[in-house]
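Look at the two complexes coming up: chain A is in both, with chain B in one and chain C in the other.
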Partner chain A sequence: MSLSNTPSSSSPLSNLWLTRPFSERSTRIFLTVLALALAVVTVLHLALPAGHPLHVSSYTVTLLGKYLCYALLAVAVDLVWGYLGILSLGHGAFFALGGYAMGMYLMRQIGDRGVYGDPVLPDFMVFLNWDSLPWFWHGFDMAWFAFLMVMLAPGLLALLFGFLAFRSRVTGVYLSIITQALTFALMLAFFRNEMGFGGNNGLTDFRELLGFDLRSDATRLGLFLASGVALALGYVVCRGIVGSKLGRVCVASRDAEARVRFLGYRVERVQLCVFVVSAMLAGVAGSLYVPQVGIINPSEFSPLFSIEVVVWVALGGRGTLYGAVIGAILVNYAKTVFTGVMPDAWLFALGGLFVVVTVLLPKGIAGLMSRRRKADSETQLKEATP
Partner chain B sequence: MRITRCLTLWLLLCALMLALLGSAQAQQDDPGKPLLEALASASYAAKSDAIDAIVASGDSRSRAWLEALNDGKLQQNKQTGQFVVVLANRGRNWPVEDALSGEPLGEMSRRELDRIGINNALRGQLRSTLAVLDLYVDNPDARLQAANDLLGQVDAGMVAPLEAVRDQEPSEAVQERLTEALAIYRLEQGDAQAIEALSGSLHPEARAALNGAAASDDPALAAQAKKALDGIEQTLKINRGFETLYFGLSLGSVLVLAAIGLAITFGVMGVINMAHGELIMLGAYTSWGMQQLLPGQPGLAVILSIPAGFLVAGLAGVAIERCVIQFLKGRPLETLLATFGVSLILQQLVRTLVSPLNRTVITPEWMSGSLVINDALSLTLNRLYVLGFALLVFAGLMLVMRRTRLGLEVRAVTQNRAMARSMGIRATRVDMLTFGLGAGVAGLAGVALAQLTNVGPNLGQSYIIDSFMVVVFGGVGNLWGTLVAGMSLGVINQVLEPWAGAVLAKIIVLVFIILFIQKRPRGLFPQKGRAAEG
Partner chain C sequence: MSLLDALADRDRVFDFLVPAASPVDVRHGPILYLEDVNVSFDGFKAINNLNLTINDGELRCIIGPNGAGKTTMMDIITGKTRPDSGQVWFGSRHNLLTKNEPEIASLGIGRKFQKPTVFEALSVFDNLELAMSADKRVLPTLTARLSGEQRSRIDEVLETIGLEALCGRQAGILSHGQKQWLEIGMLLMQRPRLLLVDEPVAGMTEQEMERTAELLTSLAGKQSVVVVEHDMGFVRSIARQVTVLHQGSVLAEGTMDQVSNDPKVIEVYLGAEEEA
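Let's look at the complex of A and B:
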């Protein structure tokens, strides 16, 4: 998409929507911080001996990798909620679908090393007395196909769902509730053994990814770094969309949908396009999440998880993208601490967070930071003009 | 096990007899004495006649005598000729009691006693006689039960007495049952005439007999039986249809109860209350708590928990409105998130304060059991009560909204807040009361649900999505829509269940609603006019 109408564009790079974000200050800061964090963790993990107080264990590396996947998911949610005004309570479904696509590939990689030693069928199918692979499992032995499906499966679901929903102008609260029903229905479906996705237990016992042993520290570090790179790419893509003309139509339709429609834009197409991109990003996040935690089961579809993602974004500050990353990492760090120290208190804390953020912090942490900056500049102004 | 049961029955009968007879004086000219003496005669033919004579006498003790005789426990003292019933025939000395008066006589040595012997023929006679004996009692329900037990149990020896009983039976229902029982026996003997009597029966025994006849070698009999079976199958299908409808309506009533409070808060006020499910849960826990307060009186507890559940949930609702929702006016998505947080807190609160485990609420006696329509169709009473309760709550809510000052104010504020306020309506107070009302109705739903399922911290969660679906499907802001939508979703779910399974049926319904919303975004009964624009 060309951006010839942006007056500030001077260098040829800023004419491309994907390279434009690199000229933004906030994106540069974000990418620098992310790169620094990745580098520091890698160095601390590799260079220091295991007993050293600053050593980052491979458990922590995986945990941080998990946070990065969550952050990418939060960025995807923020793209549709913050800029499109669509509160999706079903993004966990796209995340889980991406995860399942990766899980299916990992299952096929186990080969004949499963408990039952069947060269083709995963263990749970042997256990259920299935004699052949269901049609939708074919092709997942090839990495390129699986990685394609990681994006395609959630993308197609979002395309179908979004097409139906946006065409009939289901928006606002209705859409939120329907997305929640969607993920709830998918959860019920995936819980069934007959669906062929491992039912209640999901997919687990993974061994290797692209030939790398999933249990080795090097692979874990690699996955952590891959998650970081995916987050950076996802962030840049979202930033690119947001800064483009498409992004401006998004924001406009968030604030005054009817007016944008009267101006001649096909709002439903804009919404559909961004919604599908967001779902694909969520799928990628899920696919990187699964090899790190080593299991994917239907509970990832639970409405609670999807709505939790929304509160990460709300805490960080919707409509900022970097806020979503901050929110995701903060809340999940708090969750790790709380569930370790006092597991009972976690739901109180999470529930309280929902209330406090919506009532007292409508703009989230990012809003706090920018308010402070604004206040600073105002006092500077005052000082400058006696 | 059986012996103990016999013994208890026996003791009860004895106590009764004691009360009846009063004194041992009456024993001298007891009419039962010659009957028992006849039993003690040597010939088995005479004993058989004596059994018939006992039955014909209609003596209230006859059942106990015949059972004791059957068990070999009716014995005679060798010296005195006194008839006794042995209570336990183990060891050397047996506890006995007088067969006529029922007085306990302490222990007697087994050598002192002489057993009144019976042979196999007599045993058969006794068995059928005992089966028929219950048909002589005065209580028609007990007679019907006895006749029911006879289905498929009739043998050759019972036919004649049963026919005699049937002809003098005053109750038609019992008569019909006896005819059926006899017809089953005759059909088993290959009597084609019996098929007609069975063609209207829905009892599984009758169907089993007909199935047996349909597989017989006699082609005419088989064809006739098959025809009768087809007829029965047809009736059964209709009955099954009714049963599905009943279960569907029952599920629908639960959905309506759960959704109707939401229809007020979401539909009328436009507030998305994700904590609605937890308000239902609070109502259910109130019901449980009331039972803990009133142990042994489940009926009273249920009745009291209706207002209590309304109050508890309603007050919780008012608190939520005051503390959270009023600050989020006009920001529906934020309201959704905040109330979701409240729901998490409430769940964890119950887990911490009560227990993470499920609790059971006892169903009072007048609500348990079922209403038997016919052999193939019986309606469980507790579901029937919940169905009635749902309709009552609906009607009550309708009245409040249409006929009271509060309802008028609520409608005014909904339609035009600014104008209502300028007319002197305190909009914030109306908001609070409306939300309290919706929450209170959720509490009522919880009280009803406690009668159907276990009460646990996750109770509400499982209803919240369904409730929203009902409200959205029915059309926001329309109570009638909620009723129709809830009932129809319940029935659809139950109709789908037999061939799709419970989980798949639920998924199909969800997908159906999602598609339906695409077609009609404002539900079954959309609001029209200015109110719809907001």
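Let's look at the complex of A and C:
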């Protein structure tokens, strides 16, 4: 919700929607902090010996990479929830689809080094006595095709789903329920062995990505950095959208949809486009997540996961984008700590945190920061007007 | 003149290439023309043989008791409700019954609803920017940038509605009256030929009512304004021509004095005039 008017049009950065974010203070701060964090982790990982107390282990690097993927997913959810007012409880489906597309590529990369040694068929297909590759597995041996599908598969699903939902003007809680049903249906479908996605075991045992060994420390660091770059790019794209006139149309249709329609905007098309962009970002997040955790299975489609994502965004602060990043990283860090110390207490802690934030910080953690800034600008305004 | 000159002289080759969305033709006087319009909802006749003519640049007040069909009439003009029979023309060229809501809006008919609906999370400036007539498809909206001309148009409207000082503030903090003006401003951004204003002063203070009266009278002339209002005092302060609706048709028409002395009107209002 950028309330300030667009910065002076003389600055060349404010010319295009995609470069305009770079002239915003919040984006610059965000990108600087992110770049610093990536650099610090890289230096601590590479420069310090393994025994040093400040050394960041390879395990931690991968863990942080996972958080960054979650953060990108949270940004995607915040784009549709915070700015468009569409509470998607099924964004995990797009995340998982992106993950599966990447997983299929990684499976094909295994080649004949699998347990059964089949040069083409992944192990689970040999195990199921299939004699040829299903049609939808073709092409996934090529990296460019797989990377394209990482965005296209979730994008197309979002396009189809959104077209039907928004055209019929399904909004609010009904839409949330349908998105929830969507991800649940996909979970059930992917659990079936006949679907050809490895059933409930999913896809695992990956070896190489673009020729790099997934088990090597260097590849793990590379994936962590790639996740950071993806988060930065995704953030800038979202920021560009919400800072443009289209973003203001989004906010307007979130608050008074009928009025926007009356002004002549095709609200359902705006919703559809932004929803598809968001789904693609979620797909990218999923695709970077899978090689880092080493497995993708249908549990990623679980409705619970999608709801958790919404909780991250709510905790961090809805409608700010950077709040979503803060929420995703904090909650997942807390989850890692809690599940290590007291596994049983985690869900109670998450629930408690959610209640506390909703009651005390209705605008999330990001609300704390903007509250201070608002107070500043309020006093400035009072001083300016006699 | 040689044939070549004649060809070179032509600024237009084929008539059918001229865009269909031609300006409103008001050479014959009326900008809005309703004839024998009938609407019934489940057997209830909301509009009964309604005839109404609004001239270009006119400020017309429409009054009438509850259920007289004022809002239904607005719905018909803006395409929200389809009449069972009758004709509705905008200028002498556009048959409004063949058009849908967005088409009618883009022809230049703006409607202000009773309850102010401005975008509260956006600034006053942004509210006006969104309302501006522009390419409203998704991609052009994403890449849209304000030109100097558009910026000065927004400033001009801000001045008309008297909200220059609040230009950067969130619309949610505006008072009720200011929201109403902002919404009128949003209509003005679309450069309408005809403004339909539904109960603009409901819930306003005296000063706000005065400001609104000034605003509406200043708009008339440049565009035609149709005001539906209950408040007789307000109607008296702005109206030149008043139309009284009753049970879906026109009961009386004329200046405020003529109308308020009409025995039929007095009977319908049963002394409701005392309010004024």
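Assume the second predicted complex is superposed on the first by the 363 of 386 C-alpha atoms of A that agree within 3 Å, B and C clash if a C-alpha of one lies under 4 Å from a C-alpha of the other, contacts with A are read in each partner's own complex, and residues count from 1 in each chain.
FYI, a residue touches a chain if its C-beta (ideal position, glycine included) is under 8 Å from a C-beta of that chain, and two chains touch if they have at least 3 such contacts.
Just so we're clear, the structure is a prediction, and the values are computed from it rather than from any experiment.
**Q** Chain A superposed: clash or fit between chain B and chain C?
**A** On the shared chain A, the partners fit.
**Q** Could you tell me if A:C273 is touching chain B, chain C, both of them or neither one (first, second, both, neither)?
**A** second
**Q** Quick one: classify A:A314 as touching chain B (first), chain C (second), both or neither.
**A** A:A314 sits against chain B, while chain C stays out of touch.
**Q** Check whether A:R192 is in contact with chain B, with chain C, with both or with neither, and answer first, second, both or neither.
**A** first
**Q** Classify the contacts of A:K245 with the two partner chains as first (chain B alone), second (chain C alone), both, or neither.
**A** Only chain C; A:K245 stays clear of chain B.
**Q** Is A:L16 contacted by the first partner chain B, the second partner chain C, both or neither?
**A** second
**Q** Tell me which partner A:R259 touches in the superposition: chain B (first), chain C (second), both or neither.
**A** In the superposed model, A:R259 contacts chain C only, not chain B.
**Q** Check the residue A:D112 against both partner chains and state whether it touches chain B (first), chain C (second), both, or neither.
**A** Neither chain B nor chain C is touched by A:D112.
**Q** How many degrees apart are chain B and chain C as seen from chain A, counting from C-alpha centres and rounding to the nearest 10?
**A** So the angle at the centre of chain A is 100 degrees.
**Q** Considering only C-alpha atoms, give the closest distance between chain B and chain C in the superposition, rounded to the nearest Å.
**A** So the smallest C-alpha gap separating chain B from chain C comes to 13 Å.
**Q** Using the superposition on chain A as set up above, list the residues of chain A that contact both chain B and chain C.
**A** Shared contact residues on chain A: none.
**Q** In the complex formed with chain A, which residues of chain C make contact?
**A** Touching chain A: residues 101-102, 105-106, 111, 117-123, 125-126, 129-131, 133, 136-138, 141-146, 165, 168, 170, 186, 190 of chain C.
**Q** Which residues, counting only chain B, touch chain A once they are in their complex?
**A** 272, 324, 327-328, 331-338, 340-345, 347-349, 351-352, 465, 468-469, 472, 503-504, 506-507, 510-511, 513-515, 517-519, 521
**Q** Spell out the residues on chain A that touch chain B in their complex, using ranges where they run on.
**A** Counting only chain A, the residues touching chain B are 87, 161, 164-165, 167-170, 172-174, 176-178, 180-182, 184-185, 188-189, 191-192, 303, 307, 310-311, 314, 344, 347-348, 350-355, 357-359, 362.
**Q** Using the touch rule from the top, collect the residues of chain A that touch chain C in their complex.
**A** 1, 3-6, 9, 15-17, 241, 244-246, 248-249, 251-252, 254-256, 258-266, 269-270, 273, 385
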